[in-house]
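One chain, chain A, appears in both complexes that follow, with chain B as partner in the first and chain C in the second.
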Partner chain A sequence: MPASRFTQTGNYRVRYTQDQTIFATYAEQLSLLLLIAALFALPLILPRAWFPYLTQIVIFSVAVIGLNVTTGYTGLINIGQGAFMGVGAYATALAATRLNLPFYLAIPLGGVAGALIGTLVGLPSLRLKYLYLAIATLAFQIIFEWGVGHAPLLEQGGVIKPPTPQAFGVKDSFLNHNVFWYLVSLPVLISLALLWRNVLRTRHGRAMIAVRDNDRAAAAMGIHPGRAKLTAFLIGSFYAGVAGGLFMYFQKGAVIEDYSLGLSVKLLAMAIVGGLGSLPGSFLGPLFIVGLDRGVELLSQSALLGRVTAFAEGVDVASALRPFSFGMAIVLFLMFEPRGLANWWRLTRLYFKRWPFKF
Partner chain B sequence: MPQLHVENVTLTFGGLNALTDVSLTVPEGEIVSIIGPNGAGKTSLLNCVSGFYHPTRGQIRFGEHDLTHAAPNVITGYGVARAFQNLELFRGLSVTENLLLARHTHLRYGLLSSLLYYGRASRQEAQNRAYVEGIIDFMELEEHRAHPVGTLAYGIQKRVEVARALTLAPRLLLLDEPMAGMNVEEKEDMVRFILDIKREHGVTVVLIEHDLGVVMDISDRVYVLDFGQLIAAGTPAQVSADPRVIAAYTGAQELSA
Partner chain C sequence: MNLDLLPQLLLAGVVIGSIYALAALGFVLIYKSSRVINFAHGQVIATGAFIAFALTQSGMNFWLAGLLAMLATFALGMLIERVFLRRMVGEPIISVIMVTIGLASVVDGLLHLTPYGAGNFSFTTPAALSGAGIDLLGTQLSRVQLAGVLAALALLGGFTYFFNRSTMGITMRAVADDQMAAMSVGTSVERVFALAWAFAGLTAAAAGVILGLMSGLTLTGLAGIGLKVFPVVILGGLDSVLGAIVGGILIGVLENLAAGYLDGLVPGGGTRDVFPFIVLLIVLLLRPYGLFGTKEIERV
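== the complex of A and B ==
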């Protein structure tokens, strides 16, 4: 064992397994544990009014990790992640209402439904590339919206309300609804993030990155490119399905407007702003976009904006500005920081990693 | 017992023959070189063997396996590895990560084990890493192991390309101009590596190379391609004395045996 595992400098690894661990130093491990503890403690510190937003950030992070699996790590453009979330949401809603399953069984079922449908939609990726695949996923998004809108079982897209969940005998209204779902979603996010982090250091994760970077060379390595792509769709849409199940409960029901093309674009914006193919980016992106969303909302409510803009009385300024602000965020990040917020995060970490040296 | 059989292979691109009725055998444990002027069809032949192209006519067999219509990843699974003429590395990944990728078919654990990184996955990955470090030592890449491949000098990238093919633990190694663009010293290193690969790893080698001095030095057998046709075959001595070979090379290159 090296003398100190608290810092990276002077910490020489003498066995390969040490190189393969996720956290190289105790300091890293400790700071992550502290961060997680702090996240769980947030309901004790922050006002309740924050939790609608925090819960959204957590749930969208789950979906964005999934989107990164297909788009960021495997290079398959996916404009249907919102619909995969929708599949999970509806499957969860049906499981809760028709099968009377409790939420902790209904949500994983939503994940499985998402994974099944996602893998089916991924089948064209065996033949199609780049823009063509993007169009195939977009087509699914449209078919999904149309299909739900015409399905009597799914109330033609109207609200399907699940029974109020009970966890360990505690009704979610006992806690605050938003805090409850924050506390349910957080461990889900943490475990799914760790699972993906594991895949990344094994043959399956490496195969996906190889297919993204150079599919000829990947094939020369004995990797079946099609299988790697389908595995990516399987994992990515499982995550979407779980996120959809959580979001359905958080929204107190499944309704088609929640899973429209707009959501798919929003998730892509989060992935790009966070940094494609980055796990920290999968948290930073949702944080930024949900924050931006809230900022726009506050701005449009302020009297100042009402006076300087020419909007007529009663116009919902926030919903007019929202797509504009997402679009701006995507364009600005693609132009000035294509590696996303994750790059800033990386540089900050690097600084501390090399500490006490300057470079 | 001969390993690789190429039988009457013809490869056509829009009416033009890149290969015409080419037949050759590569016996186990030998270093067999394929030479010929630019555009002779050497790379096309390797592409047929490794499954990136499929012959218009003819057959390719490796031991008991039929390679004629097999996909590249399947052929790699049979024990045929390839180092590309135009580097096909994962440029953003480190040398170690590039080599780890070459262990894909040697690792046997499922997605679930992968997700949990428990049991088989973690055990096999530890052995895997040790194996890769062995190749890094063998190919003298220690000081470059953590660097992204795209940032390395061309000669080093060429060596990584060969190292990665070797990491596949092949029975047959196809090397497409592994010394192109190298200086004398780097070439000498590469020759030493190829001889060691044959000797220590017992790998059969097919070598495409323009440096005829090297070819005549290390080959057990040489095939000469010109305009997609096989014009000569035999030991280095036989081939360099062949008037057709000299004719094909006149003006283009000197026979510097």
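== the complex of A and C ==
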């Protein structure tokens, strides 16, 4: 056992079970608990105007963890995570409108629907690899968008509005809508993140990483690569489905434009900017991209930019800056920091842990 | 089924299919030489088309404008390769894919900065193409369509000749076949990559201009061709020039047949937008390397 359970002074692990522990020290455990408490206390501190963005960050984090399960940890490139979110959103909307289920039952149902469809879409991964699988998920994304747009049951892609949710005597109203969904999404995110962290140290989680690193070698070790890949799709699309259900309520209805190819690309960008195959990255990526979006929005509203671009008439600067900055973020991160923000996070932590020694 | 429609649908399919083939050609060139899947191809197509349009707007002759646009995207392709893709050699596949997705977004943003980002534009049809069309198999084929098909076929033929006969074409094939071996006999792999991107840009502008002439210019419509390319190249085989041609025409015909015969069965219609992707999934499951692609053999 370590000499101290409070600060890490070295690696004292002598058994494999010790390598599987999530927290090395009590200090880490404590700081996580403090962080969670702080996140729950945010509605008391921050003005209400912040919560549309914070809620988005929380909901996208759920989807990005799911995307990391398939793409980051198992190495299956998935350009259809937005469609999986859409499946969850529509299943949740149907459960809420047709079956009159309350949101806390409808959203898990959305997750299950996402998982079912996701596993189905994952079936080609038994045969296809890399690029081909990426193209197959892209095809699913397009077929999904088209299918919803042509289904009378789903209002041809128009808005399906769920009944107003209610929890603990609090009703989701105009004034508290964003805070309400922030407080609903946050526990979902925390529990799903802890769930994945724990799955990761089971044989299934390790099998996925083995398949990512080399599926031939994994097969030689007695792992069934096909099963690991399908498990990854199952978990990843369950997360997407839950995120979709939350996002549907947050957007006050399911509408097809919310779950287009653009969303899939956005989620991939979040995963990459955060750092593929990293749990802290799954939070930092959405934080960065949503923040960037908001920053661009503020910039394009500011008077300064209006003066700079006054010469170009008929040009919508906001709709130009958004894809540009977003694309630049992806490209620059891939070129200069392929391990993403998670790497910065790791380096910062190491710096403090090892201070004043440089190495 | 109404068989009277058949010749018309087939003809329309071949017309649009030859443009798909031209668009797919650029995509295949890049994949064949550098194993990069280019998600920004649609945006390059749009850039080419809008450069040509801007030049004609300023009073330039249509043909000259088209030629200059092709040269501009030739340079753009080379630039993209040199600045962004050259650094990504040896990086994992997902990084390379995501760089092209990011680039698609960047070019999209840049196009939105021009006055052509939103709205619908159309070329003024040049005089040589505005006369009456010809009658083929009982259906009218306008001069624009005819010229489009001929130009596409000429470019495709030219590139096939280039690959089979010219030194540079053979060098490119050598690099596609085996980079290490090609390097060891003294070819410059970098130059081949740059040239592949440049040619992809050139054909993309050609496809964009022809499409713009036929059905108008919108950013989303032109960039959307970049997605239509996927069913084409998967059906034809990702690394086959012949496959791009055959696949393009097949997909064009299939989507027109779907529009003709399946639209009535589906509420709302519009099957032409989705049918190619269903074909894509079926091909991926049965024959992922396509009709003419190289079957990849994995060795441990």
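Rule of thumb we're sticking to: the second predicted complex is superposed on the first by the 329 of 359 C-alpha atoms of A that agree within 3 Å, B and C clash if a C-alpha of one lies under 4 Å from a C-alpha of the other, contacts with A are read in each partner's own complex, and residues count from 1 in each chain.
Here is the rule we use: a contact is a pair of C-beta atoms (placed from the backbone, for glycine too) under 8 Å apart; a residue touches a chain by one contact, two chains touch by 3 or more.
It should be emphasised that the depicted structure is a prediction, and the values quoted were computed from it without experimental measurement.
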| item | value |
| --- | --- |
| Partner chain(s) touched by A:325 [first = chain B, second = chain C, both, neither] | second |
| First (chain B), second (chain C), both or neither touched by A:272 | second |
| Contacts of A:338 with chain B and chain C, given as first, second, both or neither | second |
| Chain B versus chain C as contact partner of A:257, first or second or both or neither | neither |
| Chain C versus chain B, contacts on chain A by residue | C |
| Partner chain in contact with A:143 - chain B first, chain C second, else both or neither | second |
| Contacts of A:213 with chain B and chain C, given as first, second, both or neither | first |
| Residues of chain A at both interfaces, chain B in one complex, chain C in the other | 216 |
| Contact set on chain A toward chain B in their complex | 16-17, 19-20, 195, 198-199, 201-207, 209-210, 213-214, 216-225, 231, 234-235 |
| Residue ranges of chain B in contact with chain A within the complex | 50-52, 71-73, 76-77, 81-82, 84, 88-93, 97, 100-105, 107, 109, 111, 113-117, 121-122, 125-126, 129-130, 133, 164, 168 |
| Partner chain A, residues of chain C touching it in the complex | 37, 84, 87-88, 91, 93-95, 97-99, 101-115, 117-118, 227, 230-231, 234, 238, 266-268, 270, 273-274, 277-278, 280-281, 284-285, 288, 298, 300 |
| Residues of chain A defined as touching chain C within the complex | 71, 75, 77, 124, 127-128, 130-132, 134-136, 138-140, 142-143, 146-147, 149-150, 152, 156, 216, 261, 265, 268-269, 272, 276, 312-317, 319-331, 334-335, 338 |
